[in-house]
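Every chain is named by a letter (A, B and C) in the order it is written, and numbering of its residues begins at 1.
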Amino acid sequence: MLEIKNISKTFNAGTINEKRALDNLSLKLDEGDFVTVIGGNGAGKSTMLNAVAGVWKPDLGQVFIGGVDVTKMPEHKRAKFLGRVFQDPMIGTAANMQIEENLAIAMRRGNRRTLKWFITKKERESYREKLAELGLGLEDRLKSKVGLLSGGQRQALTLLMASLKTPKLLLLDEHTAALDPKTAAKVLELTDKIVNENKLTTLMITHNMNDAIAYGNRLIMLSDGKLILDIKGEEKKHLTVESVLAKFYEVSGDSFADDSTLLG
Amino acid sequence: MNIDALINGLPGAAAQGLIWGIVAIGIYITYKILDIADLTVDGSLGTGGAVCVMMMLAGYSNGMSLAAAFVIGMVTGLVTGLLNTVMGIPAILAGILTQLGLYSVNLKIMGSRANTPINPNNYDLLVSLRNVKNVPFYENAIFITAVITLVIVAILYLFFGTEFGCTLRATGGSEAMCRAQGVNVEFNKVVGLTISNGLVAFAGGLLAQYQGFADVNMGRGAIVIGLAAVVIGEAIFGRIFSNFALNLIAMSLGSIIYYLVLQVVIWRGLDPQLLKLLSAIIVAIFLAIPYFKGKYFNGVILARHSGSEKGDAENAGN
Amino acid sequence: MKKLITGILLVVMMLSLAACGGDTADDDSSNTGAVYHVGVCQLVEHDALDAATEGFVDALEEKLGDAVEIEVQLAQGEPNNCTTIINNFVAGNVDLIMANATPALQAAVSGTDTIPILGTSVTEYGVALGIDNFNGTVGGNVSGTSDLAPLDGQAAMIQELFPEAKKVGLLYCSAEANSQYQIDVVTEELTKLGYECTPYSFSDSNDLATVATSAAENSDVIYVPTDNKCADNTGIIDNVCRPAKVPVVAGEEGIASGCGVATLSISYYDIGYQTGVMAAEILAEGADISTMPIAYAPSVTKKYNAEICQELGITIPDDYVAID
């Protein structure tokens, strides 16, 4: 479903702030894979996700989504393949617009935006149902401005928007990191539900190693822009924090510099 | 001057306010909807006035002349939009550059003259300062500009309710969201700037007719007057009006209030050297209201502030 | 919240009213027994326009004394403000409007076709009001005075003072309503006399120094017409032209006293005064404004700037008068 082939990216090349964010990274996801991504600060997690989303073009290498080479495709065109949720709950939705308007924009992802007046009655009904499934009471607030919602509600809404039109790939960039623990747990549960129901191929970055272990069928770890761990199948099911750390030492021969961030 | 003079002066102020209300609606599209401070308007207002007057002097009909002003105004917005999106020049600077260039363009449109009259005695003007009182209502400048405003609001309401128009509104709300949902943000910005400056130039055409001349200086300070109208309209009517069409009408009302206040100030004989300071203070106060409201009443910083930091977060490249 | 906002708005309005309370001492017209109310709309404050307004006020008060009450409003150089001011006058039903400078006149003409309007400091009424084949009388409710100094006379002055010169640079502001017209006429006159003319226009005072430098480098003599922007910035022109030893001939006295060697001068006070006389005739004697032709300055004087002439070593004929 997703194939990343030998991509490299260097920021601020030629300056004192030069940073090699991705170093010849390759990754292949099968259909239905739910992959959690961990790694310390600056390991290249978000950079990898942004390379897939098309925020910028890699210096070297290629990205394929569903067999299509999207390496040179601009971000807004690539969006038809992707559902995305960001770390900042404020930017995944348009605060100045109604809940149903946000959903309607997401519903038309990948379509040409015409001068048709929207939203139809039938459409509104389907939004109401989908919102009811979130269990946040938003189904009665279709006309409310999104700016009035809490961070957790907005993140849940963004999640719904990302999956409303089934994407080939769902990209979650630490989407619970800015929420309080209780809300974060709830949003994560919701994520799992949506991913499983729609059988979405998913890449989820998280700072929380427990979450990375608890969710998904595969776990990868990045360090210095390289893929250093890739655990799947049965092995993934029996992981513990200790065993992940042990594996990390084994691979890198280095003590974990920043345990605290990993352990959340 | 007695109070009668003030009351008698109100219709004129209202008509002037309504014309500037169209400018304010244009500025609302860029400043509020797209979240861009577009300074092109100081130039495009004059462009609209110049085009309209020169067309009328050349014998074209009123409607044709105003339509031409609208179209040429759209071109000025297009230039700013392309400078911003294709050439990567920050929006404020792009607007300033276009505005600067338009000074020369406006002079050339008027045949190298800084000021071109359109004499209400010789031409059939749509609106004139003369026609604010004691004329049949269908010739009254207030009635005509009010109707024009309502037509513009209706068209914009329909447009911004379409699939495409909706993504325009979302662009100012969150660019990241738009990109993620497959919206071409750059294209949207260009479209928004184009429509906005088309409206401003159209208003410039009306204004030139209303005051009886196009002048190369007529756009000077337009952004401040328009912005004043936007912030006054938002501050007073923002809570009452939630509907998009009403929001646009609030801009028009804000502009009328601005001119009523100005009329009172002139009526009272205020030293006009203080006019600019007063305008600046009014705009500053109304701009500050939502900020303080957010800071001291709700205990949360406004969403748009945290939203604007997303660029840094993304560029951090982690 | 709504209450707070409305409250703030009210406070702003009150403050603005209170702030201007002090300036209104002389405008409580209702109890002075004034018979005629006259509104003066002046585009911008500078020597020439101020002098015209002063002359107008002096003439009216001399002729009509306490019977007239004059309100002067300044538009701060913004044509848009002229419209607001004129609206105020029309609303107050003044008996006569005096419009000082072109945009003020145009706004006044747009504002009323009944209240008499007298213009001043307007160079060419045909151009300002878009009248084809202008015959010297505007008609309707409009008349006034022109600040046109005889442009052929100014060309002749350049020839009288600088017969050896070949290249004349014409320095003016492209944003001024009247300048282009003067430049066109002067160019024609100077070309007739065998001079080579080059226009140097600037758009605002930021460009002036650069444009003036270029003019000084490429000209033997510089001519500056009656131009508000130049009048405001004679210091810049002087700082460029005097060190370059290029003499400046000016269209009016204010500019000549700041940076010129000589001028064929009309007095703005005189044309303002003349406008005041016309106003008195209309108000008190029932004169018909529609038949009043545009009046011109009663006399012209050849004047020179002694300091600059001495420094540049220019000998001035005896019939010139030194500028004070």
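Please note the rule applied: a contact is a pair of C-beta atoms (placed from the backbone, for glycine too) under 8 Å apart; a residue touches a chain by one contact, two chains touch by 3 or more.
Note that the structure is predicted; figures quoted are calculated from it, not measured.
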{"item": "Chain whose mean Cα position lies farthest from chain C", "value": "A"}
{"item": "Centre-most chain [mean C-alpha coordinates]", "value": "B"}
{"item": "Inter-chain centre distance, chain B versus chain C - centres from mean C-alpha coordinates, in Å", "value": "31"}
{"item": "Centre distance in Å when chain A and chain B are each reduced to the mean of their C-alpha atoms", "value": "40"}
{"item": "Intercentroid distance (Cα basis), chain C paired with chain A, Å", "value": "68"}
{"item": "Chain B residues within the chain A interface of the complex", "value": "158-159, 161-167, 169-170, 172-185, 303-304, 306-307, 309-310, 313-314, 316-318"}
{"item": "In the complex with chain B, residue positions of chain A that touch it", "value": "9, 11, 19, 21, 41-47, 50, 53, 55, 74-77, 79-80, 82-84, 86-88, 90-97, 101-102, 104-106, 108-110, 113-118, 147, 158, 161-162"}
{"item": "Residues of chain B touching chain C in the complex", "value": "1-2, 4-13, 16, 57, 103-104, 107, 112-122, 128-130, 132, 207, 210-213, 215-218, 220-221, 225, 232, 235-236, 239-240, 259, 261-276, 278, 281-282, 285, 289, 293, 297"}
{"item": "Residues on chain C engaged by chain B in the complex (per definition of touch)", "value": "1-2, 5-6, 8-9, 12-13, 16-17, 19-21, 23-24, 27, 29-30, 71, 73-88, 90-93, 102-103, 106-107, 109-113, 127-131, 140, 173-177, 179-180, 203"}
